[in-house]
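What follows are several structures.
Both of the next two complexes hold chain A, though its partner changes from chain B to chain C.
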Partner chain A sequence: MPKLQRAVLAGFLALVSIWFVLPLLWLFVTPFSGEPSLGLKFTAPTLRNFSELMAAKTALAAFKNSLIISLGSVAVVVVFASLASYALSRSSFYGKQGLLTLLLIFSSVVTGVAAMVPIYALCQKLKLIDSFLGVILVFSAGFLPTAIFILKDFIDRVPAAYEEAALVDGSAGLDLYFRIVLPLMGPGLAVVAVLCFVNIWSNFLVPFVLIRSNAKIPISVAIYQFFNEVGLPRIGLISAYSLLYALPVLVIYLWVSKKFGFGFFGGLKG
Partner chain B sequence: MMDWIVFEKVGKKFGTSWAIPELDLAIKKGEFFTLLGPSGCGKTTTLRLIAGLEIADAGKISIAGKDVTRLPPPARRIAMVFQNYALYPHMTVFENISYPLRIRRVAKTEVLKRVKESAARLRIGHLLERMPSRISGGEQQRVAVCRAMVQEPNAFLFDEPLSNLDARLRLEARRFLRKIQKELGVTAVYVTHDQAEAMAMSDRVAVMQEGKLAQVGSPEEIYHRPSELFVAGFVGNFPMNFVEGEAQAQDSKLFFRAGDFELEIPAGANLKPGEKLTLSIRPEHIELSQDPGQGLTGVIEDIEELGSEQIITVSVSGKTLLARQTRKLGLKPRDKVGVQIPGAMLHLFGRDGKRVN
Partner chain C sequence: MASNRSILSRRLVAAFLAPALALVAVFLVFPAFWVLYLGLTDQALTGVKAVMPSFVGFRNFSRAFSDHFFYNALKVSFVFVLGSAWIGQALLGLVLALCLHELKSKWKAVVSGAAVLAWIIPEVVVAYLWIAFLDKDFGLLNQVLAAAGAEKINWLYKHPLLAIIVFNTWRGTAFSLLLFAGALETIPPSYIESAKVMGAGAIRRFFEVILPQIRAILLTDLILITLWTFNVFTPFLLTGGGPSFKSEILPIYIWRTSFKYFKLGYGSGVSTILLLINFMFALLYLLAQRRAKHA
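On to the complex of A and B.
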């Protein structure tokens, strides 16, 4: 490629990347800004926005609520998905293919907008409105199909020879499951757990509909409280909160990608 | 020696077809027994039936005098080495080797002692803290063997354990596996499609075809007296010569005739004149001489030089034969030569493929 063409292309790509980088930059700069606004302004760094945030009680409680909801749902999803996907991968029974198709169809229904009215009605009947359990169950139901589907695909690729070796070596049942199968599923489980966590952490609709009291709302809902008396957004608080909101997701991504490399391994030689 | 692993009329079907219709087999205590055959012949299924990874649909299997037909693998106390070794990737070499002992609640000091002993014997003592993905293929293979050894099992089962090694390592592993097996005195059942491996390692070989036993015997028997055409073609480093023809009587003697090709059949064959036959002779049993008057007369078509030996293509009365010669005779293509086919080395098979001489 001629030099000029390369330079033009590079310039164009730089412009495009600025488009994407600016909001991120804003996210990291504005929380520490003395006069926060929607524009990108560099001032002497200050922690004032954060100290103001600490003063808001519901804001901090929302952090805890988000953790309870997200981790709780992820736990339910991981436990049930690992068992179900293992069974679906290793056994054959009549109607298996139909069941898998059904899973695929349902994978985006439960947590979508369309299902909110019936889900609200259901939770009301079950007296699960305004409880963490209700939100966790709805999230779990919403993400289980996808999780099972991904994990089943993952286990399909793990050679059955490992389990056969373990069987011959003398392990069976839960021994086999916990000592061999679960560790082999590790990377797959990590991917599914991160996927669910990130999605649930950022989901607004489900907790917004199902949770009533201010003390139980998660961050995704709480962030809408930072408006002043006349309804104008308080940019400083919102940006500081956004940064805190984004941190766990970032940390988890980094940790998992370091530990598992985000690759689906599990193959062996031969 | 007593029968240690016994199959009585064992059948196994996959879907609606019988992979193994009816198998009778008796493997003796302490012997190195090989199941040999092409892919799909049922040899691996047979091995998995012994392991309990497949459950028989008919018949009875017993190990060490105990009926295990319905027993799951953990209850059978056998050790298996898989083709891809199946070393648990999330455990160190030590954890891999000790796994069968730990799962069976053997005391810690005993586990340590046994693993150290076996690992030293297989020269992998220095690898114990490594992960399986960080050691070479040959080392992985030894670890897999070590995991089998520490168990003091009823039997060793080997499922083509050498096929992932390169040629040189394979020869070495062959000798060392056999040595270990003889030292421990544990019955071994070995599955392979490599006839050379089977011949080199085994006390007895079972040649399988389409889920049935074609022949069971020592490597010498299988090589020198193949009971079926299939066995004759499958066993041997060089492809067997086959000539199709029929038996004919002349002067109270029997002759094999295929066109102009004619050869006397040694006495004692269970044959009637007119019967269709396949004659087989191994390339290494054909003797060539510079004197065209000795035996049959042939013309050399091609000579393959292999260093220590020559593979010579020779045409005899319109039939093409391969002969393997280790002596240098200074032959050239288009030379006329004498072709001697010793009657004792001749294999004759009837129309049904069964041996008749």
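On to the complex of A and C.
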């Protein structure tokens, strides 16, 4: 390619990269700024915003709530999806492919605010409004089809020889599942768990609609409330909070991209 | 496969499937159908109509189609999808992927790294990053523009729809970029090289060599991002749908009627319309997948 053309392309890419990075700077500068504002204020780095955050009771409770909701959902999804995908992988029955397709259609159609309207009404009937259990069940149901799909794909590639050998040894049913199948599924389960955790940890809409009391809100809703109710006077606290909230996702991102490269994310979100 | 059947008995298969299917049936499949019924009632979030709703037939639907807020939301959503999903994410993603493919250098890590970062950070955080970025008095964008001699603009107030379109492009381009970058990798370099030798310029090379190879992926991408963008709620955090409903996309409209004004029945009617649109796109996606498999 001619030099001039290369230079134009590189200039374009540089501009786009800058556009991607500029809004992100605030997240890494403001939490350590002595004069936090909506602008970028570089000062001698300080941890004052973080200590202010540590004194805010709602903020800390929300951290705990986020962990309960995310880890609870991950547990349900991992257990239910591993059982279901194993059964789907090692059996053949009429309509199996149709069942899988149907699951995927529902999980992609029943989404967003439109799905939250009937889900809210359902949770109201089941007395699951403002409860961790309600949020966990809604998240798990939404994520299970994707998890089952990924795990089934994974188990399909594991030869059944181990299980057949164990069968000869007299293992069967749950015993077989725990001793042989779960260890074989390890890497697949890790992928599903990470994917599920990141998605639920980041979600705002579901708890925003289903959780009513301030004592139970996760971080996503807590940040929204801090910003809308207290706003600018506590912008330092909000920035520190945002960084800590994003940190698990960022760490996972760095780890995954180091291990698998960026391309891997294509299968990770959505 | 006969050997498989001996590993799990039919009863065990059913027992292993039951918990997952039960949960999905109650919290995913049932709501999808119940919303159809709720949409035919005057169910409310609180009060008498919350306990004893009455049947109103298709009144919610006819009301939606005569409500100018509904049309406004539909129109805003359409512009939002066209601007941020098609022109924004897909076109920008494609152009970036092509540039990176041509240059084959360290740029790839820089551009896709930055784009993926914008894509994975939790939505509440990116929303406030953009509120800060676009702020009239202190925001970085206005600071940069002011340094270039331009006047400061209250973006979220003056150009709310443009602001959420640009925001959502920034937020979601990574998906299309990664998808297209992967697809370009699969085109044998000899195709492009021989086109070059035959003297085809960049634009002809794109339309005659590259495009036919990535057409299926392009279609898949467009269907998926359209579906997602129609349902995305993040702009609510930036503008709340305002000012004066200029950025009220369909999901924000549904939220406002159902959860702010407590009209769950009417909200269900509108939700049904959106879920049907989703269903249409899901079917399109399956069709495209099937065609790609047979092609």
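In this text, the second predicted complex is superposed on the first by the 205 of 270 C-alpha atoms of A that agree within 3 Å, B and C clash if a C-alpha of one lies under 4 Å from a C-alpha of the other, contacts with A are read in each partner's own complex, and residues count from 1 in each chain.
Keep this in mind: a residue touches a chain if its C-beta (ideal position, glycine included) is under 8 Å from a C-beta of that chain, and two chains touch if they have at least 3 such contacts.
Note that this is a predicted model, so its numbers are computed, not measured.
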Have a look at where A:A114 lands relative to chain B and chain C in the superposition and call it first, second, both or neither. second
Look at A:G186 in the shared chain and tell me whether it touches chain B only, chain C only, both, or neither; answer first, second, both or neither. first
Touch test for A:E164: chain B only (first), chain C only (second), both, or neither? both
With both complexes overlaid on chain A, does A:F50 touch chain B (first), chain C (second), both or neither? neither
Which of the two partners, first being chain B and second being chain C, lies in contact with A:T101: first, second, both, or neither? second
Would you check which partner chain A:F63 touches, where first means chain B only, second means chain C only, and both and neither mean what they say? neither
Per the contact definition in the header, classify A:D175: touching chain B only (first), chain C only (second), both, or neither. first
Would you mind checking which one, chain B or chain C, touches more residues on chain A? C
If I apply the document's touch criterion, which positions on chain A are contacted by chain B in one structure and by chain C in the other? 164, 167, 266, 269-270
Per the contact definition, I'd like the list of chain A residues that touch chain B in the complex. 159, 161-162, 164-172, 175, 179-180, 183-184, 186, 266, 268-270
Interface with chain C, chain A side, in the complex: residues 1, 6, 9-10, 12-13, 16-17, 19-27, 30, 37-40, 76, 79-81, 83-84, 86-88, 90-93, 101, 103, 105-122, 124, 137-138, 140-142, 144-145, 148, 160, 163-164, 167, 173, 176-177, 198, 201-205, 209, 219-220, 223-224, 227, 238, 242, 245-246, 249-250, 253, 257, 262-263, 265-266, 269-270
Per the touch rule above, chain B residues touching chain A in the complex are 51-53, 72-74, 76-80, 82-90, 99-100, 103-104, 137, 140, 147, 151, 157, 163-164
Parts of chain C lying in touch with chain A, wherever the complex brings them together: 1, 3-8, 10, 12-14, 16-17, 19-21, 23-24, 26-32, 34-35, 38, 43, 45, 50, 92, 96, 99-100, 102-103, 107, 109-126, 128-133, 135, 137-141, 143-144, 170, 174-175, 178-179, 181-182, 224, 227-228, 231-234, 237, 251-252, 254-255, 258-259, 264, 267-268, 270-272, 274-275, 278-279, 282-283, 285-286
